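Some notes on the structure that comes next.
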Amino acid sequence: MTRPDGRAPDQLRPVRFTRGWLDHAEGSVLVEYGRTRVLCAASVTEGVPRWRKGSGLGWVTAEYAMLPRATNTRGDRESVKGRVGGRTHEISRLVGRSLRAVVDYRALGENTIVLDCDVLQADGGTRTAAITGAYVALADAVAWLGARTKLPGQPLTGSVAAVSVGIVDGEARLDLPYEEDVRAETDMNVVMTGDGRFVEVQGTAEGAPFDRAELDVLLGLAEGGCAELARLQREALAS
Amino acid sequence: MTRPDGRAPDQLRPVRFTRGWLDHAEGSVLVEYGRTRVLCAASVTEGVPRWRKGSGLGWVTAEYAMLPRATNTRGDRESVKGRVGGRTHEISRLVGRSLRAVVDYRALGENTIVLDCDVLQADGGTRTAAITGAYVALADAVAWLGARTKLPGQPLTGSVAAVSVGIVDGEARLDLPYEEDVRAETDMNVVMTGDGRFVEVQGTAEGAPFDRAELDVLLGLAEGGCAELARLQREALAS
Amino acid sequence: MTRPDGRAPDQLRPVRFTRGWLDHAEGSVLVEYGRTRVLCAASVTEGVPRWRKGSGLGWVTAEYAMLPRATNTRGDRESVKGRVGGRTHEISRLVGRSLRAVVDYRALGENTIVLDCDVLQADGGTRTAAITGAYVALADAVAWLGARTKLPGQPLTGSVAAVSVGIVDGEARLDLPYEEDVRAETDMNVVMTGDGRFVEVQGTAEGAPFDRAELDVLLGLAEGGCAELARLQREALAS
Amino acid sequence: MTRPDGRAPDQLRPVRFTRGWLDHAEGSVLVEYGRTRVLCAASVTEGVPRWRKGSGLGWVTAEYAMLPRATNTRGDRESVKGRVGGRTHEISRLVGRSLRAVVDYRALGENTIVLDCDVLQADGGTRTAAITGAYVALADAVAWLGARTKLPGQPLTGSVAAVSVGIVDGEARLDLPYEEDVRAETDMNVVMTGDGRFVEVQGTAEGAPFDRAELDVLLGLAEGGCAELARLQREALAS
Amino acid sequence: MTRPDGRAPDQLRPVRFTRGWLDHAEGSVLVEYGRTRVLCAASVTEGVPRWRKGSGLGWVTAEYAMLPRATNTRGDRESVKGRVGGRTHEISRLVGRSLRAVVDYRALGENTIVLDCDVLQADGGTRTAAITGAYVALADAVAWLGARTKLPGQPLTGSVAAVSVGIVDGEARLDLPYEEDVRAETDMNVVMTGDGRFVEVQGTAEGAPFDRAELDVLLGLAEGGCAELARLQREALAS
Amino acid sequence: MTRPDGRAPDQLRPVRFTRGWLDHAEGSVLVEYGRTRVLCAASVTEGVPRWRKGSGLGWVTAEYAMLPRATNTRGDRESVKGRVGGRTHEISRLVGRSLRAVVDYRALGENTIVLDCDVLQADGGTRTAAITGAYVALADAVAWLGARTKLPGQPLTGSVAAVSVGIVDGEARLDLPYEEDVRAETDMNVVMTGDGRFVEVQGTAEGAPFDRAELDVLLGLAEGGCAELARLQREALAS
């Protein structure tokens, strides 16, 4: 059994982080998982939303979107349709929750960081690439902020990365491109911290329901993939 | 360690199904998980959406919503705000996917069944109650349809039910009411078929990330809860 | 001439009030006019909308809506369509105006009560049932508030109830179910106080225009119906 | 007791119809009730909405709106707010229903007439002026259509006009300008056919509820006002 | 070569200003360029938008819209469609910018003037008529304000007027009616001050691109037309 | 007098075209005018919008948008706000019109090409860069189409490019970056064909109105800039 791009079942696609892709943003990364390309921009503003004022706590949130021609066939713009679709909403919330899992609000002080994750090209795994890239942009923005302000503490308690796993043709595989994703019987997105704990596990039976044994294999694959991604994030941030 | 309502950690709240709660709907159930009350209505229409016409396949979809005063504090109506919120969208999609996991479209023929799940009162677990109740309404609607039309086959390949599990005060617990839900460090919703396979696993670290051992315990609890719910569904449909 | 359900022309359908149907709301009633079932929830909040602040006056408003499968054929959700329809708007305004006719804002103090009237099942007369039920929920909410706060006075100056009347097959009839409503030549909704005065009169010629004599007969029928409803409201609130 | 403009209680304001105010529309009237000025345009199109195709029946509908500076204080545009308000919706529906009461759809054939009623200046009674003026524009459009096409019959079965009545300072008065309207205890809009029958009766207690005797006086005043308006419509259409 | 209405190539249509067309507005003009009729209303309010508070500067803005039956074929209402179209937005912005070119914000003090330009009938050149008329309404509103308040200075630094020019059948022409506008190869709208300077130049090749020589001829035509319009504005304001 | 980046008044910023930046689109270019970066994607689909079917003519249209963090300060997403703003609308229309000026619809046959111009980073001149880049993407898409289908002719009648010019500190300058743009007294965008004719001229007095002599100088500068851009487009398409 061979994967379309010749990878081993437990192997990631080539992953690349280009830091500082934008001139204005306080942190920015163009992250690539193979042909999937997501531009992650971190915007820092002093102050927090009204419902949080005076609490001494910061805030981190995220928005995910896709350019109309990121995909094989052009999709309509959500701005033109006048509504954000269910899928977009869902992923924006997921990215935000994932990042917040490693944020210490008190250490951040009353500052807000918004992460914009715009998919420039989609080839499967856009939400996982968005999370992994957004963490790097967030780390850069936190460093930028720390260099300008005396923060109450270290706002990041760890790193966070994400990967997809799935069962394709009966085989458990890591980091599915579009071609495998559409054929997967089961599809799971896993978000983990750099020290190997789970932040999100979202598994869906696209075809037949899956049993506990299959679930266990998929979780194992994801643990390996996220560990490798965490290593690559550390490397990128060190350079 | 005691739960607020005195239940054992692996015990469901009292679950009740009132079938035929509505006079017009082809299937309808008022499902209760303790104080959580969801009205599930199944509407059958001949034909399918345009993109599916002529395929010989049926369609099943769902919409979830909450009455403004289902919760402790009144929420604004989404119709008045002019948009469906991200949470509502996300749950509607989850309920639809969960039901479709046990539907044989070919056996349903070109018929559409819409499941409306309206939360009349919310006390935690509204999405899981919605799935479990919607299955019963769906079964009634399928029976109604089968009694009127010669269907190509048996449209339901099994049953489906859902339950929440979480870690509260360091203890893994089944079927969280609101009071426990807000305090949970980890919160997971699990959807399973009546024969014990997984349809959806959605786990989120609300507080600290969780490790693999905790994840395994939670999955075990959910397996027990879903098995019990499947038994209660069978009972309700038999009566 | 016989009505489909065997009632006399001047007879109401069986009317039932179930107070306290919800656990969270400060006042709640499930009101039934035959098969028409409306859940009325009263939500009390301290303070008033901005344009009324500092006036010493309270505020009462209402929202009416219908579940998608309340009717014989499923209707689209207004939240999904992204707009509240004209009929919904119109009835929400009518319910609010009707209740405000018996409210003394000064006696209420700077408190707001919102009445949510959600039609769970529709069989004609949903707006009149909503008004009649909302009054009972409002009375409960006012009592709840009075028990917790020292109010400047008695906020309710009387009771309010509503009923439909119409001309069907040339005969004037009280409290039309859907089956009669669609065949009515003239359809009138009348809102009255408990002491027999008019708050709203809304008559529409659905078929042929009506003359003054017919109008007078309909008004008489409505006076009788509203008096009976006021009696039933008093009974319900006394129990 | 004197009215602000010196009129007798049962006297209309000066009413003026300027037919053919627009060059493009198939029928158009600038109607004035004192300082209230409404531009009514009738647009004829061949064919009917999809749900009516092949029925052999025509369709008549109406839209009402107000220019932002029609009133004393500028109001926001509904197009800019992105939604049609409840009041606008309600009046558009009322105007449409009122006109349809005198239309024979079969005689109209499969043609559609849309009446646009735009309030250029508002001084009370805009909805009643809109109805009265729209009828004249409709009559012109029907004549235009009849001159070009062989219609199955005479599409108008009569005329329709409307007027407001109210109780101001304890006195029943006809055709209230804004100054009286805001002070009215009771406000009623009455739509009648040219032969003296009722199409719509909409009475609202703005202050204290009203009793049956007051209601009877108001209905009598409205009957007189509508008869006079019908006479003025005939005159305008004859010239 | 003859124009459809017999005008010389450099001749305006009959232009008419009816000042004070509305009773409530602080300034109002019904402006006519031939059959094009635009109602311009100026609304003065004390204070400025929030982002300008405390600056000592005033604000002037404009909104442009068209009645549904201003045109030959009825257009849908933007309020009903729920969005302001691109063309409407674009013209509203153009009108506002044009007026602001002759406003001295400091002299106006912290007051806001909104210009509503509603096209009652359209026959080409609606945006240019709107600008020319809006200036007159603005001048009246400024006079109204000056008569009631001590302003810091003279808020108007000059006058502003606009006209369309275009190349039709190879000939450069001034002030195109609809009939010429739709056939124009090039269409240009020019906004100028009363002392002959340019505020806006918007030229578009509808058919073939145009060369520098043609552009120069068109600019010359526009200079003549705007000078004549400025004279007519002065006359209207003097009467 | 020196420009902030040391350029001569009639000098363009460094312009770069990266063709084939996307893998899926039929034509795609990342265009850069200095730090302004716009991703232009051309999507080809067989067939045309409904109103054009059966005409034998093709269709070309464009949509322009900006990523939230393209600018110095993050802007809200138009999809989240639920409406496309006036500026976005205006520019989308401008880009579409500009490209259509060099398209022969008959030669294109019944095919549609949509140009998506997404600003990844903004530093002044985004609309002009979008037009210039979109032409290159369009040329690639036309070539792609011609290689797959027998087209009725050569769909492009020439090339099109755009540049901004303005008066800054009293000096006429070419291709303004943001820093100059905000300080410009007059700002003009000019769109020209490769053979030196005008497609669009949009000049706006941001500060004081400008006279004919200034206008003439600006037009001359733009002619030079567009000629240079046309040369760079040819070079890019040749490589």
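We just call them A, B, C, D, E and F in the order they show up, numbering each chain from 1.
As a working rule, a contact is a pair of C-beta atoms (placed from the backbone, for glycine too) under 8 Å apart; a residue touches a chain by one contact, two chains touch by 3 or more.
Model, not experiment: these values are computed from the prediction.
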| item | value |
| --- | --- |
| Numbering shared by both copies at the chain C-chain B contact, with half separating same from different | same |
| Euclidean distance of C-alpha centroids - chain A vs chain D, Å | 59 |
| Whole-Å separation of chain centres (CA-atom averages), chain D against chain F | 51 |
| Separation of chain A from chain B, taking each centre as the mean of its C-alpha atoms, in whole Å | 28 |
| For chain B, residues contacting two or more additional chains | 82-84 |
| Touch-based graph of the chains, sorted into line, ring, star, complete or other | ring |
| Ring of chains, enumerated from chain D in the sense that reaches chain E first | D, E, F, A, B, C |
| Contacting residues of chain E [partner chain D, same complex] | 22-25, 28, 35, 39, 41, 43, 45, 63, 65, 67-72, 74, 77-80, 82-84, 88, 114, 116, 118, 120-121, 123 |
| Contacting residues of chain E [partner chain F, same complex] | 83-87, 89-90, 92-93, 97, 101, 188, 192-193, 196-205, 208-212, 215, 219, 223 |
